[in-house]
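As written, the chains take the letters A, B, C and D, and residue 1 is the first residue of each chain.
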Amino acid sequence: MKKIKVCVVVASRANYGRVKFLLKALQEHTEIELQILVGASLLLERFGKAINVMKQDGFEPNKAIYYTVEGETLITQAKSTGMGVIELATAFGELAPDYVVTIADRYETMATAISATYMNIPLIHLQGGEVSGNIDDRVRHAITKLADFHFVATEKSRERVIKMGEKESSVFNLGCPAMDVIANCDKSISNEHMKKYGGVGSEVDWNKPYILMIQHPVTTSYGEGFTQVENTLNALYRIEHIQKVVLWPNADAGGEDVAKGIRTFREHHMSDNFHFYKNFSAEDFIRVLNNATCAVGNSSSFLREGEFLGVPAVVVGDRQNLRECGSNVIFTGYDEEAIFNGLNKQIEHGKYPQGRVFGNGDAGKRIAEIIPSLKPNLLKPLTY
Amino acid sequence: MKKIKVCVVVASRANYGRVKFLLKALQEHTEIELQILVGASLLLERFGKAINVMKQDGFEPNKAIYYTVEGETLITQAKSTGMGVIELATAFGELAPDYVVTIADRYETMATAISATYMNIPLIHLQGGEVSGNIDDRVRHAITKLADFHFVATEKSRERVIKMGEKESSVFNLGCPAMDVIANCDKSISNEHMKKYGGVGSEVDWNKPYILMIQHPVTTSYGEGFTQVENTLNALYRIEHIQKVVLWPNADAGGEDVAKGIRTFREHHMSDNFHFYKNFSAEDFIRVLNNATCAVGNSSSFLREGEFLGVPAVVVGDRQNLRECGSNVIFTGYDEEAIFNGLNKQIEHGKYPQGRVFGNGDAGKRIAEIIPSLKPNLLKPLTY
Amino acid sequence: MKKIKVCVVVASRANYGRVKFLLKALQEHTEIELQILVGASLLLERFGKAINVMKQDGFEPNKAIYYTVEGETLITQAKSTGMGVIELATAFGELAPDYVVTIADRYETMATAISATYMNIPLIHLQGGEVSGNIDDRVRHAITKLADFHFVATEKSRERVIKMGEKESSVFNLGCPAMDVIANCDKSISNEHMKKYGGVGSEVDWNKPYILMIQHPVTTSYGEGFTQVENTLNALYRIEHIQKVVLWPNADAGGEDVAKGIRTFREHHMSDNFHFYKNFSAEDFIRVLNNATCAVGNSSSFLREGEFLGVPAVVVGDRQNLRECGSNVIFTGYDEEAIFNGLNKQIEHGKYPQGRVFGNGDAGKRIAEIIPSLKPNLLKPLTY
Amino acid sequence: MKKIKVCVVVASRANYGRVKFLLKALQEHTEIELQILVGASLLLERFGKAINVMKQDGFEPNKAIYYTVEGETLITQAKSTGMGVIELATAFGELAPDYVVTIADRYETMATAISATYMNIPLIHLQGGEVSGNIDDRVRHAITKLADFHFVATEKSRERVIKMGEKESSVFNLGCPAMDVIANCDKSISNEHMKKYGGVGSEVDWNKPYILMIQHPVTTSYGEGFTQVENTLNALYRIEHIQKVVLWPNADAGGEDVAKGIRTFREHHMSDNFHFYKNFSAEDFIRVLNNATCAVGNSSSFLREGEFLGVPAVVVGDRQNLRECGSNVIFTGYDEEAIFNGLNKQIEHGKYPQGRVFGNGDAGKRIAEIIPSLKPNLLKPLTY
């Protein structure tokens, strides 16, 4: 029997964190031939070169393509998308997959969706239907309209995708495959285990309390990233007796700005209980998140993985303000005082019970099981 | 007062036909500075170089960009999109418009939409919400999800766009701007007027009955274009005493196939009352359509302009089978016999009364009047 | 033993004609693994899709890449080069050849050379050192400066390449591999054999005298192609009692202009002993050239293959006026009268003796034999 | 009188340093209209965003184009070139210059040269004919073969360019325009003046002795950058009582590697009399170089500006080993010991007398004066 060729495009470390267990399930499925295409920031030193982690995990990509146009301005994000479309078209032409899988809502996701659409290859979209209240929304929903099948992460997402005109039978809520990583991993942390990461700043004692900070650029407030991250860092600085673990921002427009804010702060506060990291493996990130006293910033992981794990979080600004979330989150503006107060409240509260908004942690396997039974229809009629 | 810069991207002769009166209205509006960006097949000899017609009409483009990757296969359609995104990003960066206007549902439209989206420029989409039952649908709806404002052409389209989650206040049904051309032009035809077109084949007497044929490639049945066009031509061949006017297909994937079918037929039937044309000006196309005894093929103009004018039409295949239409249309499959019968029925029926499904013929002016009052919101929340 | 991977980039039908026997020799060499990368106009319907001929000859490409930006203006030639560089870089990255082979002097050649250079892959250039007196010269010589090894076609070319500063030991004059095709093929012609080609116009009797015309655009006189080709056609029209076989021009800037000149002429003179062809297989082209009473136009094949075969030729304009040539050629300007006189003179003279300016017809084999012994040096010092 | 449009493409901070005075002279020339096109690393934060310096100096670019594909591997250097060719073609099409000026030998230079060549715009090349003994050589010489006019920096370069077949009358040795900056600027240094640069590490007292280090990646020893830079840093570390000023490497393939070497060293030796800078303005770089006790690394500035100024230099590795140089230079390998000894020898020797290998410091003005009298010939025949 001819296997079904499923090509997953993994284009950032966040992407990989989300689909690791789906990749595993596809790899092990007897009716499926997994094709892996890696590209964009996953290959770049500056973003932690997560391709290396992926290879260590046993995933050998069929193709690795560079298509990030440097600049981190709005214009280069557009150009990276265009470059991605061009090169992915060539790659899809060679790999000739039966399905292309694309993840979430970033420009690499869009490039994948456009390229698959014009190549007439049925498109599977993960994590459609969500609402984050930022500019990613329109990209995410546009991809929904290009996609043939939707594996959404929550019930509300399923409803939204169907309302947008997608056939009910093409939308599956099996939970978020990112939760699989959490459900399946050792979530304990130790200094021994973490010492490999090096990082910049004073040494972290992972057995003692620490706050995890991740703050990405917000594309709608392009140009303000420097100040925004400064406020969060200043608030953190005032939480004296707890260690602070700061992770590097992603490659969106404005990323360089946020990075600069961090670097500037770092020059003066290197030895003030702050520690700066480029990247953790998907598993180690979960350890770090799970054991954090509190998380602060605007990473969607606080509302997803954090919800699943019950980690107290202070979510800053509007990057996540419409996302579905559980009880573990307090929202604040970019104001230093508000962030500082939120931090204190969450530290006091301590760990929350585990949530199930994003499924049970077995999405990857369940998605892989359904794929062979899908029946694509290139015409893809609207339901109204 | 600073003028509002509105950049209209015109990337094919069909595009131009649709927005000519909108361009005029924008050009004349005192609060608006019109920017025109032309590209793709509008610049190409092989597709009639409609840019020349446009310049004669008094529209001097701010920029003209080549971004068609040759091949007319699926892969080159994807690559042209990518190339378009890259170059349009640079162009938008230089022109810095307040709004970008994109038209309908083709790959150039998508390239424009993607590029404007990533550049954070509010996007105005013309002719969203329609349903054509082919692969263009998903592209059109995806553009709807990227666009900030929607000037739709029919009431049903308005309803669909709103159902997809767009705010009611961002959707305007002012009719189809392509109808403006019809409402405003001299629709009579004469040999004197038409002789400039040359064309290949026996001479047409425009005062006598003729059938107009336009058959584009259908992307979902890629590879069958040759046979499909052959059937239509053979059916036409059997309608003996009426002249046949055949127009060249567009640049979609499979276009070369259809063109080949026409060329092959032409070699044998050059002198059998057939005449082949590359292109007419937007106005002259209306003359030709208006005075046709019957139209045959799969051009959407038969259901739109044809409806407005009441021209009997036989629409072949599934390229248009979900589009809104008036009473002037008979649908058939690709079968020669069915096409032949349809033609006979319509010839017998003769002209239909004028329709108003696509508005009153003043859309361009009304759209231009509304633009200065628009209030863009980059976050563009879903309504559910 | 690990085989040496040699990647030949074939990007036009002319390219293929030149390296067919080299490909064969590389394919058969026990120490070499042949990689074939096809692209650009070789894949395009409009230029005869020579990839099909190639496959019939037993060459299965490792990769086929579309990178022609349509327009045939100066700007699209530049863009096609850029697009080629981008996609070839990805392809070379995947194929990881030990050598890249590039042919002659066109934009696809340049794209290949640039891409291989930046990928640090030793570059073998065929047919360097020639002088054609047109804009191709600077591209050809620039490629010489990028290339590591030079397989030139004539003694004068060898001298020029060395003068340009290339090490003598890196320059080999083994003759032109295009001659291999001629030396090894059945050069007879028959109606039976040729009828497969169809073509447009009156039927050719290949047993009777015919004149072969090939006229390409000249990039330095961009915009004059229409008139230039018209003059040649008019001169041919005056040679009454001999058949005329006209081949389609190549894809250089201005090609559409020349094609238009031919199409316009064709409309009026279809039945005047003219016959128009898109393409012949490499072998059949040799048959056609070998048996021509005379050749006219500006194809370099008249000075190369024609010299080898002793075919009388009238070479029009300056496209070839500095190329090395044998005694079989008369040069004229674009003037109709001069072309007409030249044609008469050559028809009267009849066949010339075979020449050896371009080697003995065994270049492909000899090149393949030398490749395993090459010693690349990435620094590639100048000799002065 | 119509002015001659001269378009200078400035694509890196090194580029700008070289042509600042040429830009000024072109700007002031009454017969010339200066067009400035900036792109690539000149626009990037990571490379000091030298565009800002340029604007402060009064140069407002006509166009700014992003075309750096991120990755700093061989493949992305190729892709950046391709992307550059594509976008520059569009830009040249819009600007329609009479001449394009390109500088030196990097991938941006090549992109400019290719694009101008295919657009039939006469190309002026600065700094051709030089020999650096690395992979840049072949690119530089290839550009020579594409260029119409050559403004070389030394007598030996002039001879080489002519030997490569360029017409003597098209080659001008007016000295290196980079020397103009030196000749014309205040070369004194003070803490007051330099404090704006910030930088990372211990504070520099610019009135006291310091060693300047600049070490770029070497493309032929790709992958060894980390170790190479480590050796230089270790040697410097042993020179105890003199301050060390370290500048960031350029964006060539391998740049990330070298940067990593510096960052790693920096983490341990931040407070050991080392100071790290991203970028100086062209003028301030001259101050820093002029007042350095000694320079070490592989920057070509040591052999050029350094020669002009008489600054003692230790040049490490083979990146510059074939360049023309004066008496101010000692060459060493990558060996720590050798570098250490070289440093000691040069420190002991002290300042050298000023050299004139690279002209008198008035090249920019003299080049601008000659441009109006140039007579381009698109055919550009070889001299042999």
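Throughout what follows, a residue touches a chain if its C-beta (ideal position, glycine included) is under 8 Å from a C-beta of that chain, and two chains touch if they have at least 3 such contacts.
For each chain, UniProt lists the protein as follows: A, B, C, D = UDP-N-acetylglucosamine 2-epimerase (Hydrolyzing).
Nothing here was measured: the structure is a model prediction, and the numbers come from that model.
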Per the definition at the top, count C-beta pairs in contact and tell me whether B-D or C-D has more. C-D
Which one of the chains is farthest from subunit C, going by Cα centres? A
From the mean C-alpha coordinate of subunit C to that of subunit D, what's the distance rounded to whole Å? 40
Centroid from C-alpha atoms only, then distance subunit B to subunit D, rounded to Å. What do you get? 52
Subunit A: positions in contact with at least two other chains: 75, 79, 83, 86-87, 90
In the complex, go through subunit A and note every residue touching subunit D. 43-46, 66-73, 75-76, 79, 83, 200, 256, 260, 267
In the complex, the residues of subunit D that touch subunit B are 63, 65, 83, 86-87, 90, 94
Subunit C residues within the subunit D interface of the complex: 74-75, 77-79, 81-90, 93, 107, 110-111, 114-115, 117-120, 131, 133-135, 137-139, 141-146, 159-160, 163-165, 219-220, 222, 253, 322, 378-382, 384
